[in-house]
Amino acid sequence: MFSPDETKRIAELSRAVREQRPLVHCITNYVTVNDCANALLAVGAAPVMADDSEEVEEIASLAQAVVLNIGTLNRRTLTSMVAAGQRASALGRSVVLDPVGAGASRLRTDAAWTLLREAKVSVVRGNLSEIKALTGVSTATRGVDAAEEDLRGAGLHDAIAAVKALAQQTGAVVAVTGATDVVTDGDAMYTVAVHNGHPMLPLITGSGCMLSAIIGAFCAVAPEQLPDAVAAALGMMGMAGEQAAARTEREHAGTGSFRVWLMDALSQLDAAALAGGLRLERLA
Amino acid sequence: MFSPDETKRIAELSRAVREQRPLVHCITNYVTVNDCANALLAVGAAPVMADDSEEVEEIASLAQAVVLNIGTLNRRTLTSMVAAGQRASALGRSVVLDPVGAGASRLRTDAAWTLLREAKVSVVRGNLSEIKALTGVSTATRGVDAAEEDLRGAGLHDAIAAVKALAQQTGAVVAVTGATDVVTDGDAMYTVAVHNGHPMLPLITGSGCMLSAIIGAFCAVAPEQLPDAVAAALGMMGMAGEQAAARTEREHAGTGSFRVWLMDALSQLDAAALAGGLRLERLA
Amino acid sequence: MFSPDETKRIAELSRAVREQRPLVHCITNYVTVNDCANALLAVGAAPVMADDSEEVEEIASLAQAVVLNIGTLNRRTLTSMVAAGQRASALGRSVVLDPVGAGASRLRTDAAWTLLREAKVSVVRGNLSEIKALTGVSTATRGVDAAEEDLRGAGLHDAIAAVKALAQQTGAVVAVTGATDVVTDGDAMYTVAVHNGHPMLPLITGSGCMLSAIIGAFCAVAPEQLPDAVAAALGMMGMAGEQAAARTEREHAGTGSFRVWLMDALSQLDAAALAGGLRLERLA
């Protein structure tokens, strides 16, 4: 596990987000876009959603990070994503890709690869089947809100292999999320497991999309230490899930209340609480 | 009223949904799409939202049911709906149509008829003015979230006539929802009134759309008994509304809390509770 | 400050909304559209969302007011907005414009001006940077959910100048919202400050969009007294924010709960409570 000092350094990135209020430009699906905007506000960032090709380059120029999410993709928004990603990377800003549903249709798998090739994607975050689909490993996908895959034991080994493979292919920082999250950098010199999280998270839509948006906020304030930024975001979402799930169980509530309390937790977690709850483990 | 045994058999369909976790492909409006995804997850199904013509056939092939909802319709998504419906019906899967706002514009009325004609729609669910608009009975509509029409007394008689007319015209199972819900099959041999529900349900947007999505989940696990599946879904949504409304009144809360507790109830209702609360009456 | 009698007269407009249940047609962004629909229902109005050029004129004809919101704008929806606005104004109905993100991209600034020129906009509601962008005063915008600008002291003076300038340029009633809201009419004979509201409101997405939708509902029932209608809507949203924030602080909750309780408050505020809490000040 990370030492207390290392953990604290990672947790402090959340303070930087609240102090700097980075503007994060999201081109994202219409299913969870409201959740993404509220999650960004909850962690202290500022969202801007814009997907038309006539304006995405201007908006991306105003923002400190761009998040591209291919849920409910179409040709019009794919063009906009390429343009926004190119502009952001030309300005040296982080570009996060959430390949929602990669593997479920050729359009999505191809779109993810188009974005990896044409926009300089800094970070990819997906679930195991999505990440595997991008590495060319065939996998059976059940859509975008399928049950959390088991990333313990053999599953964890699988996940580590998948993120390393995609990171080496693309040069991006790659994160796979599930029961355990794994993040690695392009050289696979930094591979970290994040043991925060809760099985209730996949029982609501948007937990993955919100996480990708939050990763954008953390990358915006730590562009020189992207793997740490991603780990911090994964840990913060995981801890928020733990807190919301604990309350849901205590009050015998359901998924509607869990979703509200998840947002509460995101808005109330500060760097000190994060430092006390992050469970990060260096794997390489 | 249904016998306890009949009621229990219907209620058990909710257990099948939680056990089989059917994947439900929705092409739906952007107003309530998040609610539909969360409602599907709450009852134990898995949602996938995709509306681009390049991918809807692949996605529909992965899914166990398709739900077509014409709120915020446009030509691009109508084309996708036809393709998804055709693919699903070719594979023998259920296609649910929610004709949101039929009667309010020619585009919507025509689109609903296009879908009824070109995709083999298995189930239609709407409010009374929407169903009447599709039977050619002229009606004054006030949009898609108009107050619940009175389906008691003369209204109920009206509703029964409307669902039977549309079922005979189309061969689909047809449900009209309001103060009382009525479902009938194409031969009008099975006509059931569902007496669950609460007047608070139309005070939030999305209660109808969520219901249509949930119908998709129930049809996915009971393709051979669609009228029962629809009745089970209507009853489950109705009971969830009753439970959420009771809590809202008890805690002197408003529509924001009602909406959260409705989702809680959907996620917590199990087959036993459902069997104890369903109020189904055979009308024919 | 307004006299108790004047205040009461303004507050009574909320009763007219609940009694008349005006249908409000919104062409709005996909980020907060669900919030707008629920907010309209909460204050007693009925929402209808439709954005396709084939149906917007029919839908606008059914409605008592039209709300045009340029967040996540594109060419397709801009065309629809012009058509809906023209139809509504031809029928003598109110057209509300929310110039979300004006100043952040040329597309949005130009679109707002296109709508001001081609559809007879009755009311414009934005934050200070958006309103300034429309008056041609250059301003640095940080996107659409930027922190609330300080409208106290010098900021308030600035806001008054901006709304008067835009009102005189366009003939519309113009409202700027922030720590203090200001509304003025085209002749600048009526300028009112609304001192309701709370700093938590900009910590969730959609508070501005919901407000613009609610303004549509109030204008629908008081087309002959638009400045009063706008002031009533601003005050009601502000009071709902105060109530939700008080509960959030009392229960040590976060922004997720605040958002739910804001909707609760909107649905529970009646004319009497409003009369007791509105803080309106005539500035001219």
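Residue numbering begins at 1 within each chain, and the chains themselves are lettered A, B and C in the order written.
What we mean here is this: contacts are C-beta pairs under 8 Å (C-beta built on N, C-alpha and C of every residue); 3 or more make two chains touch, one makes a residue touch a chain.
No experiment lies behind these values; they were computed from the predicted model shown.
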*Chain adjacency by touch: line, ring, star, complete or other shape?*
complete
*Residue-number overlap at the chain B/chain C interface, same or different (half cut)*: different
*Roughly how far is chain B from chain C, going centre to centre by Cα mean, in whole Å?*
33
*asked:* Can you pull out the residues of chain A that are in contact with at least two other chains?
replied: 30, 34, 259-260
*Which residues, counting only chain A, touch chain C once they are in their complex?*
21, 23, 25, 30, 33-34, 37-38, 41-42, 46-52, 54-55, 58-59, 62-63, 76, 259-268
*Could you please specify the touching residues of chain B with respect to chain C in the complex?*
29-32, 34-35, 71-75, 101, 104-108, 141-147, 203-206, 253-257, 259-260
